[in-house]
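Have a look at this one before I ask anything.
Chain IDs A, B, C and D follow the sequence of writing; residue 1 opens each chain.
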């Protein structure tokens, strides 16, 4: 399959390149960068010496790229992807957008949280959290690949939400991410000396992944869900841990909670259930497409606490994009994604 | 004042030494270690060259130490401190225990969570969270110095609890700590390669700082409080960030929340209020006795989120112990504690 | 091919498992651990969930293991591997030892530096620095896989040594390693809080990798070489950077230096030449079998400075072991080793 | 004493503020920043809440500042400090420049390495490596405060150079620094995800601290010295370790080497001699003005290896500046500099 990457020099683009280097069914025909058009990708990322030496193209040739590609991955900032998607929609190519533009069924929600008008709201895009929306993904043309925090959080809460085991107004998601989630653009928040041996929250009560989690939980429970979501910046490069709290409905037993997880996920390769009492650690997922889940029942407070760990650049971005690609093209979902985590 | 440190070679003992090196009113007359009796403290901690070269004594001489000291700091594992405290109570010396043995008014709570019998439950010990229990500290003989997580969490929630602004059954405390909180004893969890670029929760629904937070919140609200508390291990050396969630009672306004913080803390030097919308960062407190607080109101969910940052070894341990010492002896509370945070 | 791993639970054993998980021509039939015999490997390393769930065997069955295996990798402490190797030598199996026991042609050198008697000095072992000893490796039965520092350092200096471009008594190797090189055994030096934001040298003028580098340089120059070698501990998990200094012989030109590197390595896949003026970075090799080389000529002092970066657990241990395995069995040398580096 | 800081918002300016907060003999009357004039210093560095809330002035008022100050610290980029120094020289104020402009007696050397014309080469500036140039410092008006790498390296080599124990053409200095040395300006090299778990050299054979080390060694040996100097970037915030190699002259004994160190430094408070066989660690100096030294003799190669650790922002910058200030004003050299290192 011929694939192209629009916006290849950010960390999600770079991670796609890493994964696709071991994907036996793909050939990358275009990678683009507007700021570094014409440069060789391995001059920007020398770790790719021996894998890639392709020159970066420009999005100005997007029509050609669309015409020549079986699939196009988009790694652009929100607001720009939908313009590109609209152009690509004219061609016989699948589109997998790693940004936010195609994640919301209700473009009003998107517009409220992202403060831009949606210009492609008849796209028919499908939300690509593979394990939970696989049937829709299979026949999609445009996929809105989920955010990193949202992947970890939705996978943690879906079993409980689908089985109606929790009070939906009691949900608190306290999430922690490595710095790679902030991308490669320079900022004081990503400056080594400011972030090293430091820890803080940001965007309390206003992070844009909040409505994405709510959309999924509303799907699963059949009623409008509003949650508290707090992201934190952790002094490490990769990894997200999402700690999710909810009150169990009266009478719900530990066995029912366990059953909710096992029945939903037991045949999912990329979901590893550590069981009740389990402690996922981000490092156990580093460089891999796994989501590790453990859950705990606090008898004293009547809450269930679900812990969810992923590599934010893999299952939280490029890995899940490739997983969706595999589903779209009828390949084994694990194709190109079978690297063991890098530990220690 | 003549002071002694029982258990001087753990990180809290070592941090006491660092702080007392700049305390103009103290002279350290004994420091003990059972495993390294006779060794010079600067052979164990070479960073103290130029400050200390004293030989470590043994607790076997505890009676002598008690008789000779105006104050004794105890840095022993729980269960051992109360035995030492019982001996020291016979002498005219103040005791500040940095462990858990003297933190609970109800020794049944202690025994339930710590699984040891309390042998000194008539000690009259006072809980030493200075800003909130200062009057009791002034006249105490034995002080139970608070835990690190608890200091950050109680300081965050006290204004809301005292003003009865929150539903007490809605409290979730999601706390994150650097690795120094685990001490200097070797373990796989503190092994560099296992912890670096890694992130995980531990002791969900069972951490021993939980009842300590509950005791204080029960004091402040006048009703039994049960909370969800989750600690996490962060790949850095020092620092705790506590993210505290609670539902506001109906009708409570942002102004009332603000007022609760300012009225309680505005004249406290070591509490720095970053205000509504503020983001404490652990690095801003590193090496200092400050607790930085910021709070956020989530209109969508009706929750208040309080963020609280401290250096776990200073305000969370040795610094607060010295603050209590200053209160006990009528000194300016800031004596020896005026170092600016070490940044970056 | 049927392969076994003796000593599978240290970091080099674990890294072998990671790499072999993607090796299409191998099946792991035994993995041993004396301290954890009977435990499942994924209970010790949960990141292997989904890859391995085999139970750990004991070395007590070494004879059976030898008889059943086409190749045996040994990840034991020095002194123990040669005893195992002696047993295995009776069987029709290749042995690749990742420790020091089979690295020295002159067992006197081994005995002097390692302070143990060599009990298998007629083994006919071959030194497995693949790019430089490939012909011998092809026909070997027992391979002494090189050390991590030595791999980086010898690859850096070999071109200059083989072309006789440098004064052999002027060589200084200043090497820096991540903490994973110290293994998984607990020690204060690998304790997170002691090592984080810390930097120090160790074993100055006495590190055991010194004679290994000298053996190779003596091979290449034809005269006895003695070097200064200083290892340093860097607060990161993986990666070695070796900074190698030598005086150029009078009249040697930059072009000759360049030519020495290109002629020796230009067709080596795993050696990536960044050229004169190039700056290898350990992160560009993380998780991969590459050695990145750059060199600099200091006109003012007449020295050449060669910089060499590897992942200590891959090219410096398990990766090179698999590379040697591939050579031994006539496979493409890159089999199982084509993962792109994990960046960032 | 009234002091001002020109360029207060970089890390060296910020570190001066931290140290001076505990200096009993100084009052800061002006702090300047051209990019953030008018902002309060604690809005830029919130860790200073409780210490400083002064507004930042502009250098446009430099004449007033000079007239009002007993001493002015300059924390400007090279090339800008000498212009400021020239203005300040008209006033009765001492000037301590933390940059390179006043470090070289021969302005030709400065101009060659820094590529700018020196506009104040009749300044009579004194090189402020306190322990080695104390007598000159006492009577100076303008002090060129040494660089961070140079402080560590010169202190390491001075005893050997002064006693003529080493071959001066054999000196190799391999130095490693934390990232704070690169300052607060944003760059990809200081971007967290690029630097974390990464290690590389930079500016091989061209770093500007080279001629500064050479100037001092030339002073001490009485003959022109040329050295190889290689800096490396280490994934930590603070700390420099300098590993210095030199050939001992024939016949020099270990006792002579020891004597060289002890005779020069035994009464220096800020130089801590760990002795022959000692291993300085940067963490033991963190936040303090110490330089820790250890030395090793390699009998096999005839080299001496000196290890030198400092905190680059303290003894390598702001701490030594304050030390020089103390000397200039006849204060105890340790005033304001007696904080114990922050460990762990």
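Keep this in mind: a contact is a pair of C-beta atoms (placed from the backbone, for glycine too) under 8 Å apart; a residue touches a chain by one contact, two chains touch by 3 or more.
Since the model is a prediction, treat every value here as computed from it, not as a measurement.
**Q** Mind listing the chains that sit against chain A and also against chain B?
**A** Correct list: C, D.
**Q** Could you work out which chain's C-alpha centre is the most distant one from the centre of chain A?
**A** Of all the other chains, the one whose centre lies farthest from chain A is D.
**Q** What is the distance in Å between the mean C-alpha positions of chain B and chain D?
**A** Centre-to-centre distance between chain B and chain D: 37 Å.
**Q** Roughly how far is chain A from chain D, going centre to centre by Cα mean, in whole Å?
**A** Computed from C-alpha means, the inter-chain centre distance equals 46 Å.
**Q** At least two other chains touched by the same residue of chain D: list those residues.
**A** Those would be 11, 178, 180, 193-194, 196-197, 235-238, 281, 283, 286, 344.
**Q** Could you list, by residue number, the parts of chain D that touch chain C in their complex?
**A** 169-170, 172, 174, 176, 178, 193-194, 196-202, 204-205, 226-228, 230, 232, 234-239, 241, 243, 245, 279-283, 286, 296-301, 303, 305, 307, 309, 344
**Q** Residues of chain C touching chain A in their complex?
**A** Going by the criterion above, the answer is residues 11, 14, 17-18, 21-22, 45-51, 180, 184, 196-197, 237-238, 269, 272, 274, 281, 283-288, 290, 292, 338-344.
**Q** Within the complex, which stretch of chain C touches chain B?
**A** Within the complex, chain C contacts chain B at residues 11, 178-180, 184, 186-188, 190-197, 235-237.
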